[in-house]
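Structure below; questions to follow.
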């Protein structure tokens, strides 16, 4: 096939090439994962956003997978993150806050990717700013975190409030959840980009994978 | 000229017709204000967003104007709200919160319109959520307000936080201020529409006049 | 699980936390509703936009539900609003106008939420401005209302006409219905935000829940 | 120069080629108008949206111009429509309604183009739907018109109301006027396209010229 | 139910109220059509965009329907236009041009509505400007038409070319068909609004019904 | 300063690095042009979109410039393309068609860049499709061209018509000119991208420079 | 039926009319392909984006088809490109680069169209710029190509990098693939239009057909 | 006045409150800077985006300012970043890469903010991907950096290429520079959000201040 695997990506970037399942046949998923597992690369192998058929094929074809829930696609098909060869624990932990329970799948994708690189994820759900005291109950945890991921849909205001409570790096992930006028994550994305709190950084809509990668880059400096 | 004044609008809606200055010559402003003052209407007469030339003409031609700062147009030309025949004080007061100092002109336009209808405006500026404790310092005032106007640009998150702290009606006004990706108020508008706090209502960008009118409608019920 | 229920939200905001069903499993819906019913909160418990499976699970698991039609999701799956512990009647009534019959489900969601708080809803459908006399037939009712909800898709012009006929607060709800170029509610949303009638306020697209919450805030002042 | 005049356009389309002034030097305007006046074409010659310098040059260089106000460009520079060789009166008249006085320049551009083709224009300003009785005062005139132009900014709701009152063809012109969230005419454009009244047709933002051309096409059938 | 039928709409506007099927149950469709048939209105009764279940119900419940293909909804469900009580032939005919064969269903909806009002429709498909000679082969027919409907997706250029070949009124209908970057009709809509040919008017995306209504308004003047 | 000139770009891409004047001081323009003239690169040196001050500085500081009109910036400041060391004539010629006279400055920028690489430009203005016979008068020239640039604003329909008349490569340049709803070139850009004529390629809005570069790439193959 | 086949399109444009399957019934596909095969045209016949039912019908009804994978529609239905009467090999080859494996179906559609016109396609997948060395490994092939097609989703950056490495014409095809914020190809489309590399040209989203047509136009000059 | 200074922001977030000059009078700038200098806060005081009048006032009123170029506003007015009380050097350095020279002002704003917090900034301009070897010449520096800021307009592709060459955190800043279709930074913003390189994070358009604040958060962990 046409696979051109980037076995040395981890050496260059600290992050091994991951396989993005959507648009691939189950056989293509197996081929890509097998190729990475057999190659000279040293990092963990990840298959992201796999549906049931893709997951079944790789679990059968590539032993040793650890699986985590990663929400669903637009048609409601449940998706999973699969990991082979996770790195040993580093002792570092990212704080992952979500505004609502429907943001949890994106948070879990981020947690699975962090785990593949040996980092812990302290997921605290349901601290949306409609009840700002819920955020403030976490104030100490937020202030003391190494890095914070804020996962929120709707207007995404949680990122601004959290960033004002910590000196840690904050990575905001807009999600496509929400009633009314969230426009599939665009409102949250714009709100996070325009945040009044200095130093918020943003990744793409529902991109828990990218947010975790950014956190891995930040935590790498801690040794 | 072509003026078709709606003298009985206050009888129908509680709000007298106001004259919107942009796009009118100073002479047209004078004619419209004079016509309303001379007509059968019983409410206050307002000229909104008047520039220097328009303001000078109506101050000269229509004695008795009270003037208030209302920011500037896109080219930085300072604008004013002018009022004739304000109603006597009602004893009611709206709480007007702004996220930053650059949101103040919109807040002041709202305050001027509220004053024309006899209502007070308690303007508290600079309570943006980047320092959420600043909002919480106002918690008692917010909880006890009759109606709250939240004036904010950038991501507009203040509306969500404030609405979670009060049972009063909340009217959010997106403003066109802000660094980076506010897109002239669109980001704040979308964020306020998609707010995770139940019961936020929204008016147009920089529309301090409209927000005050909505507050007048709400306060009218209090007698 | 990760639920972080906000039992005291009604004390702070007059509105108890509601459970938004989309994206939750039936079991998560039951857990959330049960938790709120068992908690120290004093308000009604609402489950909004529940599909058949979610509704069946909570009806079985949480006795006492009152159910109301709330339209359908994008795939046409019928949705419902479920209520436990509605407050006793207050004697207040909101006037809910819709432009067409296809706006009725959003109006009914609003009515169900109003009912949960003890308020009546006087729903008048099909008064779109294409036959403006239909609006004018309601002129007296509109003029005398305590608060008016205008539910309209397409160009949303009904909000402007109605607001010009009353001194009551008006809450406009853009809907995603309509032929041609409504762009799933965006056209109505923009039109309502830009209304030429002073004092219109707007909530998110199809957000009957939010509109009712805003009305509850306004009616609360009437005691 | 590079002018490629379309002298026979009136023979093909009933409408002679018009010269659009923006982006042309005064000399280019004179050359284009002179060329059309000297050519074999039989229709009126129009120069649209000319600023002072352009207008002065053609008035000097091409005797016989009739001038009409056509608003201003984005920087506030006043613009004019100039006509040479208007056709004799046809006895037909278009009804031109505007929502506000700031829509008048667009209405006047349309009236000037209609006049060039011998048609009258009955301009009625300031009948916006915020006071719907103002529209209804014109009900008879609207019902009896040959063709109606509706010129409106903000939410453009006037088009829907008027179209519901007449069997005549209705041409809606969105304008870029308005407070708040009109987005320079886009809101009105979308609203008119999505109108709930059957048979509204729409032209581009501020395009009084195009609306008049459409009316000329419709009135031509009346002989 | 909540139906508020506008029986006298034809008397006011020349066009009877039509029933828009999407979002209605089959029973609601029957009720609406029956109500209009039984009412004092004199015009034809139309049910537009009915799916199989809706069509079957009204055909059974309301005898005398004439059915015409009207394309499909977003999920590919075939839709139909149903007519009761078409008016007698007027002798007038509209020319309906489509750029491609996939624009035909919208053209046929327009033709069905024209037929209900007694007008003929001369549908000429597949004259897109990629082969401009195909348009020119129709030049005589275009030049001699009473009114022209141009139905086109993609870039919608056909409207500009056709309008330059006739003095008749032209109504352009953007459609949601097309490869690549048509953005579900938005590109065609914008292109038609910005047409370089003077006098093009535009209706909403895929709105064959609205285009036909506009044509009925224009043809009415011919007696 | 911080200049990092790419002297060998012509060796890699056939096109030498060009200096884009906007945002540079006159001194920075001189430094960049001087650096390229003094470097090892073999191609022509181009300064694009220079205003009067920038042009005066480089003409004084870098002898031998050839200057060509390139329209104006958003504030109407006239701009120029300056060339040093044009290549000798190749004998190849690009056909450059514009829809209107206001598209000419973009066409001239393209012509200046083509000239710098030794290619001729046969500019034919004012062949917009509102009078499609004007395009057809050029049919032979279009059919026989080596490469065609189509420069058009408004709806950009010219690209579709021209591409249907030739087997040559066609490069479409959307321009920001036009009445009404061109949205500063976005309408033309979208229309050209969605063209129904197979094989149209598109460059950015007003990007005469880029279109010429694409033509240079195509003509290079002819030797 | 209403087919108006353009048999002489290849004579005019070098490219025979192709049949675009979406929106056509299987029978309409057969009729169109049969008509083209039976007509006076000399070029290959192509049916693009055919689903299983359409493909089965034409394979049965029109012998001699060569079939190639062309991805899937929005619902995941696999699509195919079918060709009849491919031209003999020309000896020319286009280099087709894709950023990822999910861009391959669009690349294959382009390859099938190139093959129909006798041109080869050298498809190199998976050279995205996240590992820029993968692009540089192809540097010689890129520098020596006759024409390059760059097929990329997400941010589309591959087009800029590749164009900086070759003097050949580059045709960029934005694709709708990608995680996060690709907005179904709009991000790639905009990025390619705004490329910092001079001479990139762009076709519509996922439009492998159009890109191949543009390449055929360019390669035609080579004889 | 209404200033509500957040003196303890540095204690909470590591970043002292900064004063954003646009929309403030020179006197308001002096008052805000003086207030922060006199308060209990321990961090540096920054005034960002000050024009000449604002800068002159604070330089006169608040001794000790260090000034740095920060580009210009939309009207071309030059802006500056002013700093009081910069922290002592930390020994850490951020690598700041720009795609072109016109991105330098944003890079300099970032460098000034980094300097205020004691960090160095290694600014390398003009490494755009149109000549990708220019990026690769910096490969070692990129691979060894503590944190990288990528400042780029147009299509913003530099962020993807750089992120593929380093394991350091990367903060991308879209800028509003560029020819053609950059849409004032939106294209770069979207491209960076959708980057194919894992771990890119993004801040708002032209927001050098925010990018530097994010870098300060990351570098703080290094002690």
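Quick notes
Letters A, B, C, D, E, F, G and H mark the chains in the order given here, with residues in each chain numbered from 1 onward.
Rule of thumb we're sticking to: contacts are C-beta pairs under 8 Å (C-beta built on N, C-alpha and C of every residue); 3 or more make two chains touch, one makes a residue touch a chain.
None of these values were measured; they are calculated from a predicted model.
Each step here moves to a touching chain, and the least such steps from chain A to chain E number 2. Hopping across touching chains, the smallest step count from chain F to chain G is 1. Each chain's centre was taken as the mean of its CA atoms, and the one lying most distant from chain B is G. Ranked by separation of Cα centres from chain C, the top chain is F. Work out the mean CA point of chain C and of chain H, and you get 44 Å between them. The mean-CA centres of chain D and chain F are about 34 angstrom from one another, to the nearest whole unit.
For chain C, residues touching at least two other chains, in rising order: 9, 12, 100, 130-131, 163-165, 179-182, 189, 193-194, 197-198, 203-205, 209-210. Counting only pairs that meet the touch rule, the chains in contact are A-B, A-C, A-G, A-H, B-C, B-D, B-H, C-D, C-E, D-E, D-F, E-F, E-G, F-G, F-H, G-H.
Listing the residues of chain C that touch chain D in their complex gives 99-100, 128-132, 135-136, 154-157, 160-161, 163-165, 178-183, 186-188, 190-198.
Listing the residues of chain A that touch chain G in their complex gives 2-4, 6, 9, 12, 17, 20, 22-24, 28, 32, 49, 189, 203-207, 209-210. By the touch criterion given at the top, residues 100-102, 104, 123-127, 130-131, 134, 177, 179-182 of chain G touch chain A in their complex. Against chain A, in their complex, chain H makes its touches with residues 9, 12-15, 18, 143, 146, 163-171, 189, 193-194, 197-205, 209-210, 213-214, 216-218, 220-222.
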